[in-house]
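The letters A, B, C, D, E and F name the chains in turn, as written, and every chain counts its residues from 1.
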Amino acid sequence: MISFKTLHILNKPPEHSRFSLCLAAIGPEDGLLLTENGVLAVTQRLAIHRERCFALAPDLEARGLSAHLSSDQTVSFDGMVGLAASAQNVISW
Amino acid sequence: MSSSLPEQTKTPAPAGVFTLVITGAPYSSQAPQTALQFAQAVLAAGKRIDRVFLYGDGVHLSSSLSTPPSDELNLSEAWASFLTENNIPGVACIASALRRGLVNEAEMQRYELTASNLRPPFEIAGLGEWVDSAASDSRVLYFHKGG
Amino acid sequence: MSTLIIIDQPPYGSWDGREALDMAFSLAAFDQPVSLLFCGAGVNWLRKGQDAAKVQQKSIERNLSAAPIFGVEALLADSDACGRYGLAESDLLEHAIITDFGPELTNRFDHVAFAG
Amino acid sequence: MSSSLPEQTKTPAPAGVFTLVITGAPYSSQAPQTALQFAQAVLAAGKRIDRVFLYGDGVHLSSSLSTPPSDELNLSEAWASFLTENNIPGVACIASALRRGLVNEAEMQRYELTASNLRPPFEIAGLGEWVDSAASDSRVLYFHKGG
Amino acid sequence: MISFKTLHILNKPPEHSRFSLCLAAIGPEDGLLLTENGVLAVTQRLAIHRERCFALAPDLEARGLSAHLSSDQTVSFDGMVGLAASAQNVISW
Amino acid sequence: MSTLIIIDQPPYGSWDGREALDMAFSLAAFDQPVSLLFCGAGVNWLRKGQDAAKVQQKSIERNLSAAPIFGVEALLADSDACGRYGLAESDLLEHAIITDFGPELTNRFDHVAFAG
């Protein structure tokens, strides 16, 4: 199980003011999970080059974006539970 | 990758108990749907949910009158079934609920209202329930409206 | 009395898009001229290959494809937003037309409205 | 300042009839408050409001059960009084209302629900009411959630 | 009564994605009325230098911003009714 | 178990700020360490000279001023956002402290939460 200091869960599109707020709060040992319209970041190649960045598969598939991200960066809801359980803290943006 | 931050270098055991706080309304945000799929995965992983707390616009999830078209998921109903089947308390914050017109029998009588519309097993209680979770070892996860 | 309904919210995260579509279809049902404009993150409603069932929602792809049949005059997509979200015309659902957002566009309509 | 646009160079008479569409919920957005102050000013200016239409989250304004703290304005009540006193129809969109759990007696019976919670004089009707205004000479003004 | 082609009513703060969308849609003969948190634009001197830009006085006062705008650019709700009635079209952003 | 409640929505346009304040006061009432952080357009809650009655709402200035008495440890304001909205320390309500937003700040707390 991958372990982080803080897992940031981001469900806002890149145009939302809280999107950049979240990016500014990510520390070097932190992880990022894109959910809901947060997954639209993959279309702009935002944030997804960083280590420990993941996106929720059902949200990618709903939006027709599965091909935009390699499978080792996508997680199911089971994977989301694992990430949320193993991080020391979780912040939902 | 190294960090200059000295505190919290321990790696604690993975969280085994979750509290879910839902602040986004159904049929307005995706929050209650995402939270439900997450909750189902929590139980499937053999972990526990001690409480689901509805806050702000999230209290609309506890409405007994929500009637979406028959080809759309009834989220209030789906959540109520999930809570009942798994014996998980569902609590709507009283201040959020009263402002937004979600009331149980007791509040109906206290404020002399014409009806009650809280769907069982949801209950109404104060923020103390949330504080209780936040102060415990439970991992508190928030499901806000997205955008 | 022509109307432009604008959708600037991305799909599935809110109901604004669906309720905007209902507005457009209602106008069309009453024989009122209406077009739809997708801009900002709203252009993502037009991306091919969506699978709404994955988030337990209904697809609106069929509705959008049928929009011209039901009398919606045009499905417009803002070019800047399409560029920002990596959408070429070939990535868009049938009938969608890429156009430029601005006063020249909105001035062509008597009413311009958002659903929320 | 000159314009290259040839159309619509006429200057029509100021609008005398307004339709207000409220899409933002009370206690979540400022929309119903702004709309009420605007509506009062419309009447004070000797102009008319033919209809107030609630759409999307705006339908929550028609709740008969909303009970804010006594030192906060009860917006549902204030709007209901304003509509009654000035004999202005207030209409909640049926599709928005049913999803969000706002129902009148008729819908309660049709869907076999346990209660109704629509505050008079608000009524429930379809988008046709809005189309009716949009297609008329009425000036349609929208009050969305801000942010 | 001042007359416009289109009156744009903007109730979003500068950080909101619809704020810049609105600014991009304002034509040369149009007017702009800032309401609710749209009035926060005055703190950044955004949009308020253009001709025919107004802000709703009660919203400015609520937010402690009356001193940021000259009185000839502020309107009451009565003034808002006048602007909305005299424009050829109104767009609420 | 220390908590940071973040307010990033501007005043009066939504209830998020008020409901965030309720969360902070509840924690304090149960003797749980809590601080408030205002960032983005949320810093406008801290501006002196607000008159909420003009929009028929309750002022929260008195609540914010009393926050330290009720046990809220700090009222923090993000320096970038203050700069963007023209707020110097002298423009802010009593007890507010300008600070830098970032992981160094959020890492000081066990819980970080928004109201909505």
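In this text, a contact is a pair of C-beta atoms (placed from the backbone, for glycine too) under 8 Å apart; a residue touches a chain by one contact, two chains touch by 3 or more.
Note that the coordinates shown come from a computational prediction; the quantities given were computed from them, not determined experimentally.
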{"item": "Target chain F, source chain B, minimum contact steps", "value": "1"}
{"item": "Chain labels contacting chain B and also chain C", "value": "A, D"}
{"item": "Pair joined by more contacting C-beta pairs (A-F or A-B)", "value": "A-B"}
{"item": "Label of the chain whose CA centroid is most distant from the centroid of chain B", "value": "E"}
{"item": "Copies chain D and chain B - interface residue numbers shared by over half, same or different", "value": "same"}
{"item": "Euclidean distance of C-alpha centroids - chain B vs chain D, Å", "value": "30"}
{"item": "Geometric centre distance via CA averages, chain F-chain C, whole Å", "value": "38"}
{"item": "Mean-CA-position distance for chain E and chain D (Å)", "value": "22"}
{"item": "Interface hub residues of chain E, defined as touching at least two other chains", "value": "5, 11, 13, 15-18, 27-28, 36-37, 58, 92-93"}
{"item": "Per-residue multi-chain contacts in chain F, two or more chains", "value": "10, 12-13, 15, 40-41, 55, 57, 103-104, 107, 111, 113-114"}
{"item": "Numbers and ranges of chain B residues touching at least 2 other chains", "value": "5, 8, 27-28, 30, 34, 37, 56-57, 72, 95, 99, 140, 142, 144-147"}
{"item": "In contact (per the touch rule at the top): chain pairs", "value": "A-B, A-C, A-E, A-F, B-C, B-D, B-F, C-D, C-E, D-E, D-F, E-F"}
{"item": "Residue ranges of chain B touching chain D (in the complex, touch as defined)", "value": "25-28, 56-57, 60, 63-69, 72, 76, 95, 98-103, 107-108, 111, 113-117"}
{"item": "Chain D partner contacts - residues on chain E that touch it in the complex", "value": "1, 3, 5, 9, 11-13, 16, 18, 27-29, 35-38, 51, 58, 76-78, 80-82, 84-86, 88, 90, 92-93"}
{"item": "Chain D partner contacts - residues on chain C that touch it in the complex", "value": "1, 3, 15-16, 19, 22-23, 26-27, 30, 32, 103-104, 107, 111, 113-116"}
{"item": "Chain F - residues contacting chain A, complex", "value": "8, 39-41, 101-104, 106-107, 110-114"}
{"item": "Touch list for chain D against partner chain C, complex", "value": "5, 7-8, 21, 23-24, 55-58, 95-96, 99, 126-128, 130-131, 134-135, 140, 142, 144-145"}
